[in-house]
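Heads up, the next two complexes both have chain A, just with different partners, chain B and then chain C.
Moving on, here comes the complex of A and B:
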């Protein structure tokens, strides 16, 4: 019986994904149509876009590598929102993770065996992100500062902390810029397909997503954190350890984001600046598009990565689509996707609830 | 005699939810200037019908007329412009804003036309008309329920409401406040308003309304003068079969045996600077008895329940369970809280999950930290059958159920394990006759098998009909009454602070 229900659930997820993919295609065409209005040949933009994002093994690998940090920050937001912990601080946690990972693989090396350095850097990054998140949770619990507020503020603290470190102890030799030395090649995350961007961080992130899905949907811990998120009053009356669960969830959430930062520096960019992209903020959109479901987030992160990489290739191509234009198209696509997701969500809710007091306890950012 | 003009005329209203007809071909005439009672069980369609009139829900078919001209369906603004004002059962007020701001917010037509002065004049006019005093500067959250309701009514009137819909207005009121509301409703009718009064408390409806309409399972089964039917006939039409309100056969205080729950000199205050809310509470609950605690709302009952359930910590005194000091409720005790939406249910989760909220950590519902959903469903399906919870599927969200069925979910979860001690706070609030009887019968059954029940209840009639002993909360103090050797009137006087 349980297997059948599991299967049903997977089917539901699958149809949702198919639908999403279909819609993506339609929407991409639409957005590129908009490009046409501005004087760019739409068909060529579309072809270049698709080709740049998925036209070759290499293109596919760079889409995936770009999706990888988004997947992790998306998981960070998704796990937290589902438990009612409004962690908007994935950006800061991501930076802290990256900072610690860079430190552990360049200036603060304990040993020189890659087998030890890489895991240490990854774990260190995850721990740093988790701890950074716990600060916010501590402030909410014991100093009545809402998590939404403190996580946003801590993003800036993390940003300037990273800049200070990158201009101080972690600065590369022979430069005035705030950037770290390059990580030695032997400490890079190994590739599982040579001459591409397929590094094992991607596999790690996917495994983590599946594990989180199991944790959320199948375990007592996941059930409790969901109840805590939907109705803290009932959770308390049922003697659930509300505060403890919130701290745990925040640690897991921050840990995901921190791991994302660590994987990004070790697997993709191999050195660090304080401006490594807005993966943390984009993660919130990724999580919402994935309906806070870790498996859904895999696909929404992949979609974002695909868009990003494709846009980059169109910019680089002979067409020389301006960077801003590519960003506009990306933004339109994401906006339309979110609206569509919102409509389908509303429809499913309307079917579910005849009463006037329909529960609208979906956490939102 | 000329027939009075119709304020509201509904024809053939039909609404389907999930394939079930919530309203089936309902036609209703409401005379202008009348107080019209709408009666029905939970889930009979009363609120749905009112929401349709107020424009919150669009009916699948049917037409509406206000004062002889047709009213387009599904538009809140249209309904409001035609003078329909709704006072919802769960108030739609902004707690941290003042009374005046709340009313101005509701009345303003747009962001740019906020006119506190004109609104103020309206408010004063209506307060005068209804002989109410309302402090306009107090934040709404600091007002009692009765006062908040007045704010809602004034809000509807200032918004141009000429046909007022009061959805379960008495559910949260004390007896004295109900009487005041009755006066106000009569005053409104005299001032030319039409009032639609929704309730399932029969005596209130018979007292306040001239005309009643009765809904049963989405169908209109009666519409006519209230005097033409006896109370029993009305109840029968609502439920469809004769109901017997459960009643204790013989009261028997079992004070000799050991106490399941004992409070010794319990004090409670929110902080050092606030006055005591509970003063020197002593009470004992023994096996096989129902100890009823009566009182006018706001005399410390909620706090007493919170202290006993462990939601807050007593400032002084001792709470003992089965003789052992223990702040936490042990496994053998059940809690039916006052507000099931806040403390007992998770509306967005399925019935299964809600039924398992106490036991999900126990075998066989968990293995190695993993939930065994197969076992959950089996358990839930049993409970749904045993407690007659009406639902399509155990995977439906609890929020889709009617109030009575939601309460059955709580009861099924809390009582199915045969707890020794039951703490129930207003367990029948907002429930219809059938569901009320069901809840009270469950409590009586628990008592018969030897459980101790502490029943804190605002409805004195129900409380007296099932309690072995009765105590009264008044001003934070708990006074034992000689019940059953006293009259309800004497207890009523004690509730108001007299001896």
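Moving on, here comes the complex of A and C:
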């Protein structure tokens, strides 16, 4: 029985993936057509794009390394949205995680053993992200400030906090910019394929995605948090610890984003500025494209990483096609998938409760 | 004129200047949300407004044409969004995220291509001299002590925004049209029963919101700065979203929130420079505080204000619920 259900689920996932691949193919064709209209040679754009994103082990590894922070911020958004916690603050949590990881690996050295420093920095980053998320949840629970609102505002607070730290105690010697010193080579995340960007952070993120899937789909905790998301009233009536679950979810969500920041600085960029890319905001799109399913998020993050890396290589080439093309393609893919497959935050159809996010009683005319 | 009057005059003027684009975009977003559609992608529409205004002004040399182009571009973005959410029944949060990405991507692309194109032609990418807007001083009224400059030494679009606020407030609260707009978000069934076309109504509200967001973008690029930079809105669209909730879906609340935000922002900017020049020891002691803490102030103040006021408003009931609620 269990195996049959699992198989059905995989079939569903397979259909979704096939659909996604088809849509991506169609959109890529369209994009290349658009490039042709704008006066760029379409075939060369396509070849350069594919070559830049997956043409060699190195290209493939940089696509994966770019997808890694997206996967983690995507998981952050996905876990939270599924439980009805509208955490838009992955960007801030990502920054706080990166900040703590940099601090632990450059300044606040407790010891100098990479075996200890790396895990410490990763855990510290995850905790920092989680705590940053908890502020928003605290404000929601005890001060009635909606999470959507406080997380947006806290993103900016985190940004300026990170800048202040990077221009103050964490600033690199000999620069006026808000920038941390480079992390010593021995504290970088080890590579599992030499001379590429395949660092163990990627494996860590994948494992985390699978664990989160198990947590969501196979445990009481996952079920309860889903009920809390669909209908807090029902959850309360069923004596589920609604507040506690929301705090836990927020902590997990923020922790994922914070871990993403830590992995990004330790594994990929090796120093920090406050403008490390909009991974947090992009994570929302990744999560939604992956239909809030951790396994789906792996694919959508990979897709985003693939697009971004290819776009940057095309921009660097003699063609100089603006890399923002990648963002346009992502937007079009989401819009097309939306209408075709109905990506939705309202999971009503699957659960069979049409009024999940609607007001419970029918409003009188 | 004494110093305190000077300071108040200066701060209030800065606050209104900074708040105008947020109020403008906010009024549009508010109308959209009242009709039952939340648009998270307002940042994207603003960015498209920025780039449209800048490039069109650069090419034609007329700021007004640029402003109109920005409004039109915002409406085009709204058409896409309305097609997906109102007619295609897509989830509004998801579609909004896509619109944000679309705005960021398209505006960045257009900007790079515009630069290449102008440079190949041998033109500068800067705005032609005198084509951007400068503040319009209204004679006599601007001499009113304290608040005169704040209200009467502003850009043309700011005066339009003030008029728009009054008109929108009157319409929303005292006319049949306003009742319909609010009913679209609170009781679409009732609208339907009364013969109002719900989806058409929502689409029109979104078009209005798009035009507002586009114009707000134009304000940033061809009025306030006379420049374009990719991602120049810097999250202002998200702040607007927050301020609509902050104002509890009421126009005066929204305007108050924007002005409060603008005031704290101009206050922190003034403090940043004043602490170095001031003779006052208390102010001078602030020189050791990193300037980022000043930049943080408006956001912290907004969170603090919310935490203190602490009253939740549910907002329009049918936000993010497509019409008709069952697919036929």
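Note that in this section the second predicted complex is superposed on the first by the 321 of 365 C-alpha atoms of A that agree within 3 Å, B and C clash if a C-alpha of one lies under 4 Å from a C-alpha of the other, contacts with A are read in each partner's own complex, and residues count from 1 in each chain.
Following the convention adopted for this analysis, a residue touches a chain if its C-beta (ideal position, glycine included) is under 8 Å from a C-beta of that chain, and two chains touch if they have at least 3 such contacts.
In this text the structure is predicted, and so the values were computed from the model without any measurement.
Trainee: Answer with first, second, both or neither: which of chain B and chain C does A:116 touch in the superposed model?
Mentor: neither
Trainee: Between chain B (first) and chain C (second), which does A:284 come into contact with in this model arrangement: first, second, both, or neither?
Mentor: Touch partner of A:284: chain C, not chain B.
Trainee: Given the touch rule stated above, what does A:234 touch, chain B (first), chain C (second), both, or neither?
Mentor: The first partner, chain B, only.
Trainee: Look at A:221 in the shared chain and tell me whether it touches chain B only, chain C only, both, or neither; answer first, second, both or neither.
Mentor: The answer is first: A:221 touches chain B but not chain C.
Trainee: Check the contacts made with chain A and report whether chain B or chain C touches more of its residues.
Mentor: Counted on chain A, the partner with more touching residues turns out to be C.
Trainee: On chain A, what residues does chain B touch that chain C touches as well?
Mentor: On chain A, the overlap between the chain B and chain C contacts is residues 354, 357-359, 362.
Trainee: Which part of chain A faces chain B closely enough to touch in the complex?
Mentor: Residues 1-2, 5, 218-221, 223, 226-227, 230-231, 233-234, 236-239, 351-359, 361-362 of chain A touch chain B in their complex.
Trainee: Applying the document's contact rule, which stretches of chain C touch chain A when the two form their complex?
Mentor: Against chain A, chain C makes touches at 80, 84, 88-91, 93-95, 97-102, 104-109, 112-113, 116, 186-187, 189-190, 193, 230, 235, 238-239, 241-242, 245-246, 290, 292-293, 295-296, 299-300, 302-303, 306-307, 310-312, 317-318, 320-321, 325-326.
Trainee: Name, in rising order, each residue of chain A that touches chain C in their complex.
Mentor: Where chain A meets chain C, its residues are 38, 88, 139, 143-146, 148-150, 152-157, 160-161, 163-164, 167-168, 281-282, 284-285, 288, 320, 322-332, 334-335, 338-339, 342-346, 354, 357-359, 362-363, 365.
Trainee: Show which residues of chain B lie in contact with chain A when the two form their complex.
Mentor: 17-18, 20, 22, 47-48, 51, 56-57, 90, 309, 311, 328-329, 335, 337, 342-349, 353, 357-358, 360-361, 366, 369-374, 377, 396-397, 399-400, 402
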